[in-house]
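One chain, chain A, links the two complexes that follow: it is found with chain B in the first and with chain C in the second.
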Partner chain A sequence: MEPEKKGKYASSPEWSNITPIPLNDGSDSGAQPLATIAYAPEYLEATSYLRAVMADNEMSERALALTEDIIKMNPAHYTVWNYRAKILFALEKDLLDELDWLNGVSLKYLKNYQIWYSPSIYTIPSTNGERHHRQVLISSRQHFPTLPTGEPAFLMSMFEQDSKNYHVWTYRHWLVRHFRLWDSPQELSDVESLLDSDVRNNSAWNHRFMLKFGPRDDEPAGLPNSTTLPPEQKGRLDVVDEEVVDAELDYAKGKIVLAPQNRSPWAYARGVLRAAGRGVGEWLSFVSQFVGAEAESVKSTHALEWLVDVYLEDSEHEKKEEAVRLLNLLKERYDPIRKNYWDYRIRMVEGVV
Partner chain B sequence: MTLASSPSRTPTGPQPGDLYVQKHVDYIKNLDSRRDELEYWLTEHLRLNGVYWGLTALHLLGHPGALPRDKTIDFILSCQQDNGGFAAAPGHDAHMLYTVSAVQILVTLDAVDELEKPGRGGKHKLGSFIAGLQDKETGTFMGDEWGERDTRFLYGALNALSLLGLLDLVDVPKAVSYIQKCENFDGAYGIRPGAESHAGQVFTCVGALAIAGRLDLVNRDRLGGWLSERQLENGGLNGRPEKLADSCYSWWVGASLAMIDRLHWVDSDRLAAFILKCQVSPFDTIPTLGTTNAVQDPEGGGFGDRPDNMADVFHTVFSVAGLSLLKFDGVLEVDPV
Partner chain C sequence: MAEGQAARAGIPALFTEPPPIQDPLVTETTELQNETLEKCLPYLKGIHDTQREPFNQHGVPALQRPDHLEYLYDSLEDYPAGFAGLDASRPWMVYWALAALSLLGEDVSKFRDRAIATFTPMQNPTGGFGGGHGQISHCAPSYAVTLSLAMVGSEDAYKVIDRRAMWNWLARLKQPDGGFRVCEGGEEDVRGAYCAMVIISLLNLPIDLPPDAEVRQYGLDTFIDGLPEYLSRCQSFEGGISGSPGTEAHGAYAFCALACLCILGKPEDMIFRHMNFPMLLSWLADRQYAPEGGFSGRTNKLVDGCYSHWVGGCWPLIQSALEGTQPAAADARKPSSNLYNREGLTRYILSCCQNKHGGLRDKPGKYVAPCYYDEPTD
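Up next, the complex of A and B:
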């Protein structure tokens, strides 16, 4: 399909020595292809010039400008991002300028996705051209021996639009490892400000865990000793800083009080205790306040489940009958949608499983 | 995802609350005629995946012939690049995601032999493309030569290679060890080591372990507990704590639970009811106001991410696959891996 009028590339003297390569969508084989794609003429023209310069592996200013033009029309075109990175390195461009430009693209892209598309389209997984491009640039030690100063602020502006954006968090995690930022005050204060504005931000909780307890050796992992210990024990640290552990448990408590049914700080606290090799029993009095004397004023199913685990943890705390009674409350009254899960746990206690 | 067994029966005449099989079949068949829509050409980078999603949904709905087999194969082959891998659409770079979809489509259509035709290089060339993307140090897989790493690629690689009988081309134990590093303090898995737990990534990690025969490494009770907590009061499943339910997690969560024998830990009646509500039904003829998209297709068909949202092929296949896991009448049974 040829554009009807001469496009801006076809009429540009700068591009006159290039013979565009039209899209081969299989239709030249004679059959009407299953998935032809209707393109805007401008897009079709630009990509036909892209194919031509890519075929020559041209590293030039005009090719760079062409990639920008295409990205503006379709930032999801993953091939063009790869080509752009190659050109930037080949021409030794200032990568800080590129990051500035990229900040605008990313913010606009995120916004446009939210405005143009139904939320359902937004959740479709795909390649992440612009975020990956960023990582390709910043991973150049030669250009970025240390964290570019504007990076945390840029990430916070991304989080302003979507504080749980999975790919932005994953990228931030990569930054922490790449520049060894576990103890950076900025990392922790950003996480805290995000949790202050939304205590239910599970992504921020995960990032906090990673900063405080994530393995720092060359092999990244979500948990300490994730491959060396059996499934029931992994997550346990070799060396425990009890002060950090106590401070983190206090932090979690403070957040649980604000929203007792919020799952994230409960899971966080369990992870902290596991890392420290300490039991759940030390929280007996803390969790009891969310359950009430006879489990008559339950403010949190997580507290109820925690109490069950305390009663089953060791001989000091053991109260099997009470544990079964609480599990039955969860099953019948507080969390019946997971009836079969609670049944399974009851059968475990009774030794049937 | 492959078919596990023969069809059960198809329900008769759509009633509110039913599964509108014919509407969904028509919806998928007509996807390609919506080329004038902006979203269509902006989602070019998903085209090959889209064909896979549509085709799989049609197979599960018992209408495998609704997309023309020959044209589908022609399109898939037109996406193959010189390095043996497949791109999202003709003229793009080869990438793991689309290569895996291509293999799944060719297997579904019983057309893997097409690769052996002159100029295609055979299934070994394709397998070598995938194997070449394994990171020899860590065991994970990259999406393409640019090195984005994601457990989706790892699962996809093992899935495609096992379908082709070529698993011996890669270092499976190393891949398994990488997956273990993706486990988090909450007992679930993320996209890379240290990344937040996410139900989609749980599926890719558990699926890869299942293919590798290493489900013994999973703490089933803990992971099953986390997965069952994804069910919300409306019956639907979310992908992470404190997020909204979304129909596609019916598959990601459901299949993960099925692989560790704990699917019954969610309430299947309430889940099925939620999925059915995500259908764009022939009874909804009024555009949904207040959402970002102004008009729904009055013809209906397809599934959206949640009730009253627009349909798309991605949520359609994973809704149908979710119903399949629940052994819903009118949907063929699926293999959760």
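Up next, the complex of A and C:
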């Protein structure tokens, strides 16, 4: 494992008192290890010094510099991010400087990451080290009693590259809860500008829902009353501000009209009505315009499904036969890829399941 | 380019033509969607020049078994320096390859000694496995290592894992709200919960938290205390399940959450008790697109081969939940009992995802994951 030529750490007086811990890849056992990587000598050397300083839990400037060196070579190294955060706090470093540096790393990494990795196969390991690092820093109330001013702008620059990036939205959700930003005009205006540029940005719709209807203060995050009500009523609020509900329903309508086959605002509207404890029936006339007279000029499968749910909702609206007829239209004509799902729904209506 | 070209015989129009309803409004989402559709169409039609015979009577190319085997065996060997970015993911690479080889009927026990050699230095004395030697323990590599050792089998392999240390380490990931962090100081999400419960159940670890577990001070006594409730909070207003409470519903996390629930109890009890089932089903069904046939991970995102695994993995759990509530009907297993479109998924995987030299890709035009290109081009 010893590099043939002396590396920059081995030849540096600053590191002379450290005995690096070379990589143990298991080959000592005589068996050839699996999925090995022919690391560059620089990476191999830096990580061998990392193992050594981590074993001593060294909190020092040189260790901090070492973490930066490794991050540049491999930003997906979650251990090095974890260690770096500890050093920053131990040395009481200026975290705003760290954020500045991190902004550059994140933007560069996001760009590389899209080209470099298959995003989802490696979703499970450690692709969000730098996002979590940011959260660890900013969660320090001592350093950040309030939202750092540049944060929303930085996030928008991330969204400029990837407007649906899951890790960035997850971080933004955390930010809202941590700094109690539900009513922050910036949050809402950023969401609206993203929806204005792409009304199909479902991540932005999700964020909007959380701002308007998500549990606040110290209530656990998630769908309101997820665990206090039975599953059928999940998402229903204890206290409903009907003005907000009506405004959000109007907002969703305005967006549906632009592109009726866009599922996002339909799901949003269902969520709003559910939160308010109101039925889907009140949208009967609005929805009907996307279906046409004899359900022959359908502009939205979501409108059809909505009508079905209206006809099954309560005795006032009940039209089981019509519901089945529409479900059959979905199944055979407008949405046949989901044939089995529509069949299941038909069996439910007919009481077979 | 394939717009006008005729498809092979035997392929239904559902899989060769754009969906019946498309909005005229163009946004980034529809641009990407249409690009993907255009790239998929020649493959779906079975007329792309990289596709190889034989095709069956329904216009579907065969699974290129020898190529995939070669690819998978190769993927367990050495990678060039440009792959340093996967340094923390090596247990995953081993796990995926071994799992795929097992699915193809290969005997993976021949990798036993090599797997033991690979994973032994990744274990930390304080419990759990990191992504490599000297890396802190993380639930994802610990999960991949545990499953890989189970696949290669034998006492020698099982003995690699220090169960007591693992038990103590997992307790340090358990959070007061019922969920799990992915590593000490790391993020809390349903991956942590799923990986932890897989490890606990496969290693038959005590369900009680260690007596000195810190999280006991919040009133928790076991690893499962508060966990179903945590998972329940991850169901979003869309019906799908997110990585953590309040974020966007996502196919990979939905699998983690549903699978975790199904480890905690019978699917028909757990899924109905903790999820709004009609909402979940509607969202899950919406993951499949036509004509592509594959699954997307989220609303208004693109089909991606990896969701054949994650979203595809949700469906048997859903069907177990449903069939568990039915009287043992004789025809419960007939093909139509699938609630997703099995033909569509088959077409997507075999027609669109098979790489010319083995391996499965996300979608046409994308590199095969995870192997064989050298440096990021920036």
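The criterion applied here is as follows: the second predicted complex is superposed on the first by the 337 of 353 C-alpha atoms of A that agree within 3 Å, B and C clash if a C-alpha of one lies under 4 Å from a C-alpha of the other, contacts with A are read in each partner's own complex, and residues count from 1 in each chain.
Criterion: a contact is a pair of C-beta atoms (placed from the backbone, for glycine too) under 8 Å apart; a residue touches a chain by one contact, two chains touch by 3 or more.
For clarity, every value in this text was computed on a predicted model and none was experimentally measured.
Superposition of the two structures on chain A shows chain C clashing with chain B.
Of the two partners chain B and chain C, more chain A residues are in touch with C. Contacts of A:Gln161 after superposition on the shared chain: neither chain B nor chain C is touched.
In the superposition on chain A, A:Glu219 makes contact with chain B only, while chain C stays out of contact range.
Of the two partner chains placed by superposition, A:Ser184 touches none, neither chain B nor chain C. In the overlay built on the shared chain, the residue A:Arg51 is in contact with chain B and with chain C. When the two complexes are overlaid on their common chain A, residue A:Gln289 makes contact with neither chain B nor chain C.
Chain A residues 23-26, 29, 31-40, 43, 47, 51, 74, 76-79, 82, 85, 115-118, 120-121, 123-126, 128, 132, 135-136, 164, 166, 169-170, 173, 177, 200-203, 206, 209-210, 213-214, 220-223, 226-227, 231-232, 234-235, 262-264, 267-268, 270-271, 274-275, 337-341, 344 lie at the interface with chain B in one structure and with chain C in the other.
Those residues of chain C lying in contact with chain A across their complex are 14, 19-23, 25, 27-30, 75-81, 83-90, 92-94, 96-97, 111, 113-121, 130-136, 138, 140-141, 177, 183-187, 191, 195, 229, 232-239, 243-250, 252, 272-277, 279, 281-283, 285-286, 288-290, 293, 297-301, 304, 306-307, 310, 322, 326, 336, 338-341, 344, 362, 366-367, 369-370, 376-378.
Of all residues in chain B, only 32, 35-36, 38-48, 50-51, 67-68, 70-72, 74-75, 77-78, 87-93, 95, 97, 138, 143-148, 152, 177, 180-186, 189-198, 200, 217-219, 221-222, 224-225, 228-229, 231, 233, 235, 240-243, 246, 248, 262, 264-267, 270, 291-293, 304-306, 309-312, 314-315 touch chain A in the complex they form. Residues 23-26, 29, 31-40, 43, 47, 51, 74, 76-79, 82, 85, 114-121, 123-128, 132, 135-136, 164, 166, 169-170, 173-174, 177, 200-203, 206-207, 209-210, 213-214, 219-223, 226-227, 231-232, 234-235, 262-264, 267-268, 270-272, 274-275, 337-341, 344 of chain A are the ones that touch chain B when the two sit in their complex. Within the complex, the chain A residues that touch chain C are 21, 23-27, 29-40, 43, 47, 50-51, 54, 73-79, 82, 85-86, 111-112, 115-118, 120-126, 128, 132, 135-136, 163-164, 166, 169-170, 173, 177, 197-203, 206, 209-210, 213-215, 220-223, 226-227, 231-232, 234-235, 258-264, 267-268, 270-271, 274-275, 298-301, 305, 333-341, 343-344, 353.
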